[in-house]
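Multiple structures follow.
There are two complexes below, and they share subunit A, which is joined by subunit B in the first and by subunit C in the second.
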Partner chain A sequence: MGNIARRQFDAVVVGAGGSGLRAALQLAEANLKVAVLSKVFPTRSHTVAAQGGVSASLGNEEPDNWHWHMYDTVKGSDYLGDQDAIEFMCRKACDAVVELEHYGMPFDRLDNGKIYQRPFGGHTSNYGERAIKRACAAADRTGHAMLHTLYQRNVRAHTQFFVEWMALDLIRNQAGDVLGVVALEMETGEVMILQAKATLLATGGAGRIYSASTNAFINTGDGLGMAARAGIPLEDMEFWQFHPTGVAGAGVLITEGVRGEGGFLLNKNGERFMERYAPTVKDLASRDVVARAMATEIKEGRGAGKDGEYILLKLDHLGGDVIDKRLPGIREIAKKFANVDPATDPIPVVPTCHYQMGGVPTNVAGQAVMPDGKGGEKIIKGLYAAGECACVSVHGANRLGTNSLLDLLVFGKSAGEQVVKDISADVKSLPDLPADAADKTMARLARLDSATSGERVNDVGAEMRRTMQAHCGVFRFPDSMAEGVKKMLAVAERAKSTFITDKSKVFNTARVEALELDNLIEVALSTMISANARQESRGAHDRSDFPNRDDVNWMKHTLWYKEGNRLEYKPVQLKPMTVESFEPKPRVY
Partner chain B sequence: MRFQIYRYNPDVDTKPRMQFYDIALEPTDRMLLDALVRIKMEDDTFSFRRSCREGVCGSDAMNINGKNGLACITKLADLEAQGPVVQIRPLPGLPVIRDLIVDMSQFFKQYHSIKPYVVNDTPPPETERLQSPEDREELNGLYECILCACCSTSCPSFWWNPDKFVGPAGLLQAYRFIADTRDETVNARLDNLEDPYRLFRCHSIMNCVDVCPKNLNPTKAIGKIKDLLIKRTV
Partner chain C sequence: MSSVSDDRSRDRIFWHCRRGLLELDLLLQRFVARHLDALDDGQTAVFVELLEYDDNDLFDMVMKRAEPVNERLSPVLALLRDV
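And then the complex of A and B:
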């Protein structure tokens, strides 16, 4: 390890978005010695951009219960979600939201003083009967309000943050246990080993593998890259959510809450086309269904705009007052990024990469798991994951809107609780680090520092984004995917010889971007290869040669290993914790 | 399009300098951030913070043609109309780490000093604490702050006393918690601010209101805190 500085903690949390902050709170309140690493100041994490709401069957507006929520989530997942995890999450939703309210979250209110709830895609009453008001909202800034509230509560709990630190690699020993991370302090350029009994990944998604994305620049799948390089498989990476309403050209998100409040989509003929695709809930069908319908309209020549390239989101009929009260941020975004005032004109929108359903495989306690080689599964000692970077799997092949904020609250907390439990039970001192703990990381950095020529980081990144956009989008075609695999393998080769001209130490963002690209490449490659192998259409994965869901052969989770791009599969957990299974049915909305 | 950008890298520069960049923009480049990203493609040593690119994370606050703002929601067309060269500098008044990246420790220290969290030690009910829509509305215009520091770093009082004056961002948040009916510590919060520097260095210059990218009004919030303090004494 040479002269690399080393610090010891009970736990290291990588990422300070919603799930990282929720987990960190659990750890700080248990008085553990914790380091929370974040590439950005915590309130700049991408949870801040979530808009429409967080789901919980509070029933403040109309009768609701967790079992309906569970049904909707299972159906929304196209039956790929693990039903035990889904039951776990939906049962805990009300407590999670109420707890957040107690922390000071500024939810909108009803006249009786309770939390305001609005309808959202795929959320229904009585097992699919009609849309239900289940999304608890703070105007259209729910993620902002939530992230700030969680940060504020952590300030109160004296959580120790390492702001503008980027974790680079996991440290694993011979037994496969995770012993901490190697990390880079961006301001100084120094590398440090942070040794811990528990390492919790909360690094969010990697939507930046696509050209058109609602995701922030920082969403580069760092936790997934770290896991992949450490020999840990990534689960269900072929499933990416394309949000129906990204601003055409800009990618910026327009919340589904717009449709929840009564907005709807129109094609160029002014037709409310969702009535054809989802007769019952129309514009509030689940996102994969709406995104596909929009892409179909565009493909068949009914898109609006000069080249028929987008769909119109109409909400002027809601009136300026409702828009200013419930959707003020949307009005701001539409004016800035689409040059339209939605109080008078529709917003041009297109399906845009938004959310990664896959991730590091975990159980409901946030413990990372992988096959034990004997047909079963084993817990990876010392490693935990929560939020978008984890795959529990509650979202399966398609996530319902508002379930992401719920996911990070519920599983951030349960992972935090498990870490506290594991650390209290473990009285031993920290295990020794392997002698080569940081060698691979240092070699990667040394290569970047010494390379004087090679591939420009942005060129490789742009090629990756183009490839993913063209070969692994809303609609997937066999020849195109096979070609996409070839291209991504070539891009991954190029990524090995990136170079940067900036060799300085202080806040070298060129170096950070090069290291982020390494992580994006793992994510893109896992996505492309997993997608090419899955011979069915399910949720967000839609391929022309296998247009139907195939529950006989494909009701199983994909596991991709970096080494040799190997794939394995594991069964879907169809058995919930306490209730009856929801048997797979054709999905109609 | 022509840009003149503040550059300083302590590893190689002995003092700051202004560097010109002439950049060919693409039709898709709408905001200043798009242009900065393009400049970075040409010159990877140019450093700045950015993340959400839609004005909600608060990373890319900077001084643009003399006025603080967020690069991601500043339209290039508007800058073009202002003159032939766009001048970009780091936020004023904070130590520069490198290029447009400033050390925000002092800013966050002031934010933390107002105890930015709801304090309510009454055991909570099993459901949410109730709050009327009217009471909740009091938080509008306050909770939306993104902590970008455009306001505090445009405030002369904050430039002179960054260690003693809470600054507009911190005071806006101070009032956010005073105004929250769920908080039980209004008096302690007012005590914390009753100080010739912490609150009363605000002289209603209103630069903060002028620059806030979220159209918030710290001066108004500060006025309300002052009113509460006066009411308390009479």
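And then the complex of A and C:
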């Protein structure tokens, strides 16, 4: 370990978005010594972008119960979600929301003072009978309000924040236990070992693997890269939720309300192609149908633009006045991010990556798990994960809106509780670090610091994003995926010889971006390879050659290992904790 | 002579343009590329001050849904609104 500085904690939390802050709060309130690492100031985490709300069957507007919520979530997951985890989450939802209310979260309210609830796609009353009001919100700033509430509460509990620190690698010993992280302080460029009895990954999603993504630039899958490099598998990485209409080249979402108000999609020939795919409802078909049609048009050479890479969303026929009145803000968004005024010109749009369903495999207590090699599963001692970077799996093959904020609250807390339990039960003192604890990380940094030529980080990143968008997007074609695997393997090779010209230590953002690329590459590879192997369509994984769900052969979770790009599978947990299993049915809305 | 001639403070400003909202990532990246080198010390300080705002508050100001509480911020905000 040479002269690398070392600090010791009870727990290290990597990431300070919703799940990291919720977990950290649990730890700090139990008087544990906690370090929370974040690349950016905590309240600038991507959780601020969540607008819709957080679901809980409070029944403030109309009768509701957790079992209906559970049904909706199982169905939404296209039966890939683990029903024990889904039961756990839906049962805990009301308490999680009320707890946040008591922390001071400014929820919108009804006249009677109770929390206001609104309907949200996929949430229903009485097992699919009709839409139900289940989403609790703070105007259109639910994530923002949640993040601020949790941050303040953490300050009160004396959580120690390491702001502008990037965790680089997990430290594991021979037994496979996780003993902390090697991290980089951006301000000084110094590398430090943060030794801990528990390490909790809460690094969010990695949507930046796609060229069209709604994710902020910080969403580079750092926790996933760390896990993959440490020999821990990534689960269900082929499942990514896409939104049909993000601004081409930017990723900023154009609300589906545009089509609701009479806007429609055109290919490069000016054809209103949705008439072919959905003759009755046309542009008002469901999200997946619209996204699939758009991807098909682009794949078959009818996309607009220089490289045929996007679709046109036309709404000028509505007239400027109607657009301003019915779709407030849309002109400003289009002007800013697409450089067009939709009152006169169509907006270039593409299906855009939004949410990652897969991640580090965990149980409901947030403990990271992996196959034990004997047909069972073992807990990885010392490692925990929660939120979008974890796969517990409550979202299965597709996530219901508002379940992401619920996920991070419920599993952030349960992971925190488990850490408290584990530390008080059997980890009295810090286990010894292996002599080579930071060697691999230091070698990676040394290579980057000494290389004077090689691949540019931006070039490799752009090639990765293009490859993923073209070969593993919202609708997947067999020939294209096979080619995508080859291309991604080549991109991953190139990523091994990146170089940076700025060799300084202090606040070197080029170095940070090179290290982020290492993480993105692991995520992209796992996605491409897992997707190519899954020969069915389920939830967000949609293949042209296998259009149906195949419960006989594919009702199982994918596990991808970095070493040799090996795949394993594990069964879906169909048995809930206390109630009857929801048997698979066709997912029709 | 620009106040961001110091590479490190420039890097720090770059990093503080990394946000929770993609919309701000994109606009700030554009702003930095177009304007940062030409800002004088005072303007740079105002830009750094704007970066201290919460994401949604800053975005609302940039999209003209809200006005800055302090007029001192307006000239640099005007540049940001225009990128």
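Keep this in mind: the second predicted complex is superposed on the first by the 481 of 589 C-alpha atoms of A that agree within 3 Å, B and C clash if a C-alpha of one lies under 4 Å from a C-alpha of the other, contacts with A are read in each partner's own complex, and residues count from 1 in each chain.
Simple rule for what comes next: contacts are C-beta pairs under 8 Å (C-beta built on N, C-alpha and C of every residue); 3 or more make two chains touch, one makes a residue touch a chain.
Bear in mind that the values here come from a model prediction, so they are computed numbers and not experimental data.
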Handout entry: Partners on subunit A (subunit B, subunit C) - clash or fit
Key = clash
Exercise for the section: Could you let me know whether more residues of subunit A are touched by subunit B or by subunit C? Expected result: B
Practice task
Scan A:R156 for contacts with subunit B and subunit C and give back first, second, both or neither.
Solution key: first
Practice task
Based on the superposed arrangement, let me know which partner A:N458 touches: subunit B (first), subunit C (second), both, or neither?
Solution key: first
Practice task
Determine, under the contact definition given at the top, whether A:I218 touches first (subunit B), second (subunit C), both, or neither.
Solution key: both
Handout entry: subunit B versus subunit C as contact partner of A:G113, first or second or both or neither
Key = first
Handout entry: Contacts of A:T203 with subunit B and subunit C, given as first, second, both or neither
Key = neither
Practice task
Based on the superposed arrangement, let me know which partner A:F337 touches: subunit B (first), subunit C (second), both, or neither?
Solution key: both
Exercise for the section: Select, from 2-10, 110-118, 128-136 or 164-172, the region of subunit B that bumps into subunit C once both structures are placed on the shared chain. Expected result: 2-10
Handout entry: Intersection of subunit A interface sets (partners subunit B, subunit C)
Key = 40, 43-46, 48-49, 141, 144, 148, 216-218, 250, 252, 329, 332-333, 336-337, 502, 504, 506-509
Problem - Interface residues, subunit B side, partner subunit A - complex - result: 9-12, 28, 30, 40-41, 44-45, 47-59, 73, 75, 97-99, 101, 104, 108, 112, 115-118, 120, 124, 126-133, 135-136, 139, 143-144, 146-147, 177, 180, 182-183
Exercise for the section: Using the touch definition up top, name the residues of subunit A that touch subunit B in the complex. Expected result: 40-41, 43-46, 48-49, 58, 97-98, 101-104, 106-115, 138, 141, 144-145, 148, 152-153, 155-156, 187, 216-218, 249-250, 252-253, 329, 332-333, 336-337, 456-458, 500-502, 504-510, 513
Exercise for the section: Sort out for me which residues of subunit A touch subunit C in the complex. Expected result: 39-40, 43-49, 141, 144, 147-148, 164, 186, 213-218, 250-252, 329, 332-333, 336-337, 502, 504, 506-509, 512
Practice task
Over in the complex, which subunit C residues touch subunit A? Could you list them?
Solution key: 7-8, 11-12, 14-15, 18-23, 25-27, 54-56, 63-65
